[in-house]
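Consider the two complexes below, in which chain A is the common component and chain B and chain C are the respective partners.
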Partner chain A sequence: MRNIFERAINTLGWARLIIAAFLLVLFCVAPFVGIRIDTSLSDILVRVGMNGIMVLSMIPMIQSGCGLNFGLPLGVIAGLVGAVTSMEFNWAGFFGFFMAIVFAVPLAIILGYLYAQILNRAKGDEMMIATYVGFSSVAFMCMMWLLLPYRNPLLLWGFGGTGLRTTISLEGFWLSILDKFLSFRIGSLFFFPTGTLLLFALACLLMWGFFRTKTGAAMMATGSNPLFARANGVDTDQMRTLSVIISTVIGAIGMVVYEQSFGFIQLYMGPFYMAFPAVAAVLLGGATINRATITNVVIGVILFQSILTMTPSVINNVLKTDMAEVIRIIVSNGMILYALTRKEQAKK
Partner chain B sequence: MSKKNISFSSLIISNIVPLIFLLFSIAAIPLSGLTPTYLVQEMVTRLGRNTFLVLSLLVPVMAGMGLNFGMVLGAMAGQIGLILVVDWGIGGIPGLLIAALVATPLSILLGYFCGFIMNKAKGREMVTSYILGFFINGVYQFVVLYCMGSIIPVSDPELLLSRGYGIRNTMALPGLRQALDGLVSVEASGITIPVISLLVTLVFCLLLTWFNKTKLGQDMRAVGKDMAVADGAGIPVERTRILAIIISTILASYGQIIFLQNIGTINTYSSHEQTGIFAIAALLVGGATVARATIGNVFMGVILFHLMFVVSPLAGKNFIGDAQLGEHFRVFVSYGIIAVTLLLHAWKRRRNLLAKQEGKSEENREDDVS
Partner chain C sequence: MFQAFHLFQMIRSSNKGERQISSNPLLSIKNIQKDFYGNKVLEDISFDLDRGEIVGLVGENGAGKSTLMNILFGMPVIQKTGGYKGTVQLNGKDICFRDPVDAIEAGIGMVHQEFFLIPSFTATENILLNRESTQYNFLVELFGDRLQKLDRTAMKERAIRAIQTLGVDIHPDTLVSEMPVSYKQFTEIAREIDREQMKVLVLDEPTAVMTESEASTFLTAMKRLAARGIGQIFISHRLHEILEVCDKIVVLRDGKVIKNIPASEATLRNIASWMVGREVGTTSFRRARSADDQDTSVLLSIDKLKVDMPGERVKNVSLEVREGEILGIGGLAGQGKLGIANGIMGLYPAQGSIILNGKPLPLNNPLESLKAGVAFISEDRRGVGLLLNESLKLNIAFTAMQVKDRFIKRLPGGIKWQDWNELDASAKEFIDRLEIRCTGPDQRVVELSGGNQQKVCVAKVLAMEPKLLLASEPTRGIDIGAKQLVLEVLREFNQRDRTTIVMTSSELQELRSICDRIAIVYEGEIVGIVPADAPMEDIGLLMLGNKLVDEPTHA
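Take a look at the complex of A and B:
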């Protein structure tokens, strides 16, 4: 009996067990404090679809040994440029959404390649440098949003300002285009964002398939044992570069999906902290800093988004205060800290 | 002759970062149109205000723990001290001293926690201390926004949000405003010099120099060089590392108090967030690296970094016609300089490692031949 208990803890990990138990308590308490479970579930599903692909973008870099992708803002920037460029031409509907991705992907490839060149020169110190590469690129783009020659008045500041707006609404372009695709309702409050979740599932499937190809296996070998990989004729630097490019491209696509669901494009300092929730989610799902699976991503994003949705509403109703932000900060950074300090995965 | 040339070029290479900033400032000062008197005044004020915070970074660098992004923990402790002192209505120098007195045990506690966590993440100290800063920020917000006024007694209703608990977003520091700067201030050709703030900073510089020579200081340097060797020599490695972080956290809390008494207001929920990044960027601009930082780097860094900081918005406005651009530019430079320095350090370390390995294999080869 005790053995089973210990095994469960070892496989699941204390942190996840505590979070899951906490979540269970929240769901039990919710109906008694006047929160509808169906609305909450619907919110969670929408948020899972919204963030899922960005969390998925963590996998290639973790698997190739580049660590947690704190440089996700690079992918996010590509996604923002794609979206803004597509809107510049007033393209709406599925075409607009598709063209946003078309513009975003090549930029993500270029940024990812440059990013990889940096990371390959900083083996062992990737995470810190990735964080600051992300931050400085966001700050650099702040200047670019002012200077880039966009002309569509819907995107620009009206009177007396220069450059793009801080927040641009997707209303009339491709707002919720994917969320509404094949979506259905049960009752008046439960909404199922079929399109977004389908795309997330498809992306997971592709990623699963990729790691079963020869290139995917070489990438995993690069992460788990670089010397062994090199002895088998794998160009490890090239594999790392490829993994960073894939992560950045998925991050860019994830950002476009996020935008259509969120409804707004936030420029300037908007993407600054975007990496942290995604990193925390994959860690919450049981990934470590050098191993991550699709299951980790799916479980992680569901747990993390459930916590983010349920905690504020339940706590607000019980204590009549808005503690959402504080809890988000403590849970997500606590999760990252926990992963960074676990002994068994300390690097040689 | 040739030897002199080599030392000259190596001098340039080892000081490349400060030189670039110096050149940038020399180019930007005329563009900004600011008068020399104004600039000198700004620099003197900022030396008094920011140097202490930057000083707090030196000890962990010496102990080989890199740039202590966890210094924001100290900044938060300092702010809690100030909030309580304002609530108790104590002004002037006693107020500042009591704020420091409240902040000290908090800093020791937080510093111990930070050092403990960093010992569990050896080799990843910087990213860990960085995330720890965010984590403790969450705890800080919880304490200040929810506990103050409900669990921790705050008597002054002026400080609280209208709902009855939680501290307001911005808080003036009446009675504490420039209490240290204004204690003895000398006017010299139109420039006000905050003598006491500068003096306090200088005294701590001397203390740090003295500290380097003590047993503990030597131990820290040994731990910074090689943990295994230090352990072999009987130095308690983990304890020494924790002490380094505690010292840094305490100094950061004093630094934040000095910084805020000059500014005169606290942004309760954001003043501390920028502290770490600006202090670290300033230190790096002064030519320090992740593994080596001196008091000279601190002063050079504060002057050059803040010169860029003061000059760039106006230079941006006059050059491109947009002040916003200059502001974005200085944020970009702050983050960019940290990214570049970290990268250079990692790159150099890796090259040394590879060179060592190659050296070893060559040695082996020679052994084979013989």
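Take a look at the complex of A and C:
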């Protein structure tokens, strides 16, 4: 009995058990403070679909030993440019959504390649460098959003007629296009975002498949033991570059998916903190800085988004104050801090 | 443990009477025994050191020299691993140091092979570190003696005095970072000399980093110190130095004192043969050499290879390996024997030319080496040899998968999918063949014991089906049973598949039991290649850098 209990703790980890227990308490309390469980569940599902792919983008870089992708804003920027460019041509519906991705991916490949060149020169300090690459790219784009030659009045500042707005609505373009695809309702309040979740599942499947290929094995070895990889004929720099490009491309696609669900495109400082929730989610799922699995991503994104959805609404109703932002910051940064201080321990 | 100590107390008190009659040696080591977790490294070691005497301590790597010196110097590692048995007496008094500070206070100094100096300090500052001459100032009243002012002039005088004792010319204001290696070594010794109470000086391979002329200055300095009555224990692999400077020679082998004789009675050849010992009934895997072996073609020819591998630098190696043979590479640690295989694999920056099977092999490119049919068992099993956190089957198949596209199923679109069925099958086959103790092909290798991990490394190269196998220390740190098995598999691999093997090992016995020829590396060069059944003492001499041409005369 004791053994089973211990094994459960070992496989799940204390962090996940505590968070899960906390969630359970929140769900139990929720009905008593006037929060509907079905609405909450629906919110959680939408948020999981929204963020899932971006969290998934952490995996290639972690597996190749480049650490957590704090440079996710690069992928996000590619996603934003893709979306804005597709809207510039007034393309709407599935075609618009698809073209946003088509524009985003090549840019993500170029940015990812350059980003990888920087990371390969800073082996051992990737995460620190990545953070600043992310921050400075956001600052750089703050200028570019003003200067890029977009002409569609729907995207531009109302006054002056030049420079993109900070917030652009997707209304009339491809708002919730995936969320609504094959979606269904149970009762009036529970909404199931089938399309988004399907795409997330497909992305997970492809990622799993990638690591079952020869190249996937080489990438994993690069992260697990670079000396081993080199001694066995793997070009480690090339594998790292590839992993960074894949991470950035998935980040860009993830951003387009995020936008359609969120309903708005937020430019300028919008991408600034995008990396942290994704990093926190994958760590919460049990990944370490050099090992991550699809399971880590799925568990992580569900737990993290559940906490973000439930905590503010329940606690706000209990305390009658707005704690949403405070709790979000404590959970996400606390999780990152926790994960960075612990090293993976080998079973003996 | 406590009881044993008590017993020694009793024995000692009963011996007291007779000891007072004879004049006490300066340092006396009696019946020292030490084991690390049941593994005996020192057995019944006894010898004496008199005032002004120099004792040379020689032995192969792992003979127990460093452990003995650690005991003498009170290194914490000894206490941590359960202490030792036996007694050490200084001036007739029992000593047992808890840490090096105790040893220093009692008058034992040690000069290490690696420098314990602060590079940005001057010679003076290093020599007098923490023992500076000081002057009073008022801050002392407030904050204590640590805030006394340094008396630079007095310090310089003391430093000069210590340096002069050595008979060298080091300016006391030279920064350590700007000194040549030998000066650094002298500075270390000067630091020990400055201690008034210093009686015994232990020199652990101080000349290893020096040139010939530097070393000879050093030996002169040693003689001066001896004239001042300081007893010295000198550890060196350069036997002619030992013969030149020592009064007495103690030869250690496998933790035992093999010989303890006056230097005048020893010759290079004797010492070498005592060090390496004689072959005692080990199983021989060597096949009967047939006549046509001599005629086989050259598979690998290395010309002027230079490999920049830290700690195992290869300076100039030219070597030919015949097809189907097992060539052993031996030598003492740090002489560069490991660098050769690592250089061929392209793991460390290399220069020179390597021709494999008639085709030049590109240097510094592991993938090309692997593709050309070279496989490598790394001496660093956990660091380079394995993916510790991955499964056994992936470890075994990884190289073959990456290099030869084995264990791959091709899916439409050119996707190279890992064939897990084949992976499982081959892992199971190797588990049976090599008797790998594990729960199955999916167990992570980090959970296996050292011997079984090594078998995984062997399986990995077998899966490659190489033309040339480079095995570096394939039996290091594994138990006897696994050792035997690994050697048998290598032998079988060599005979059945005609795979040429270059095996590097620190264990001479092992090389002799499996190889056809043995090349000995000394200071980054090959000093000689002998047949495996050459006399042990010849190999011993080669390991110490003495070419086999003539018997060097005793200085």
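The working rule: the second predicted complex is superposed on the first by the 335 of 348 C-alpha atoms of A that agree within 3 Å, B and C clash if a C-alpha of one lies under 4 Å from a C-alpha of the other, contacts with A are read in each partner's own complex, and residues count from 1 in each chain.
Everything that follows uses one rule, which is that a residue touches a chain if its C-beta (ideal position, glycine included) is under 8 Å from a C-beta of that chain, and two chains touch if they have at least 3 such contacts.
Values in this document were obtained by computation on a predicted structure and should not be read as measured data.
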| item | value |
| --- | --- |
| Contacts of A:Thr295 with chain B and chain C, given as first, second, both or neither | neither |
| Broader residue contact with chain A after superposition on the shared chain, chain B or chain C | B |
| A:Gln117 touches, of chain B and chain C: first, second, both or neither? | neither |
| Chain B versus chain C as contact partner of A:Asn90, first or second or both or neither | neither |
| Partner chain in contact with A:Arg230 - chain B first, chain C second, else both or neither | second |
| Partner chain(s) touched by A:Ser169 [first = chain B, second = chain C, both, neither] | neither |
| Contacts of A:Lys214 with chain B and chain C, given as first, second, both or neither | second |
| A:Met143 touches, of chain B and chain C: first, second, both or neither? | first |
| Residues of chain A contacting chain B in one complex and chain C in the other | 346-347 |
| Touching residues on chain C, where the partner in the complex is chain A | 345, 347, 366-367, 370-371, 376, 378, 380, 383-390, 394, 398-399, 401-403, 405, 408, 415-418, 444, 446-447 |
| Residues of chain A defined as touching chain B within the complex | 70, 118, 121-125, 127-129, 131-133, 135-136, 138-140, 142-143, 146-147, 162-163, 276, 321, 323, 325-327, 329-330, 333-334, 336-337, 340-341, 343, 346-347 |
| Chain A partner contacts - residues on chain B that touch it in the complex | 117, 120-124, 126-128, 130-132, 134-135, 137-139, 141-142, 145-146, 322, 324-325, 328-329, 331-332, 334-336, 338-339, 342-343, 345-347, 349-350 |
| List of chain A residues in touch with chain C within their complex | 212-218, 220-221, 224-225, 227-228, 230-235, 291, 344, 346-348 |
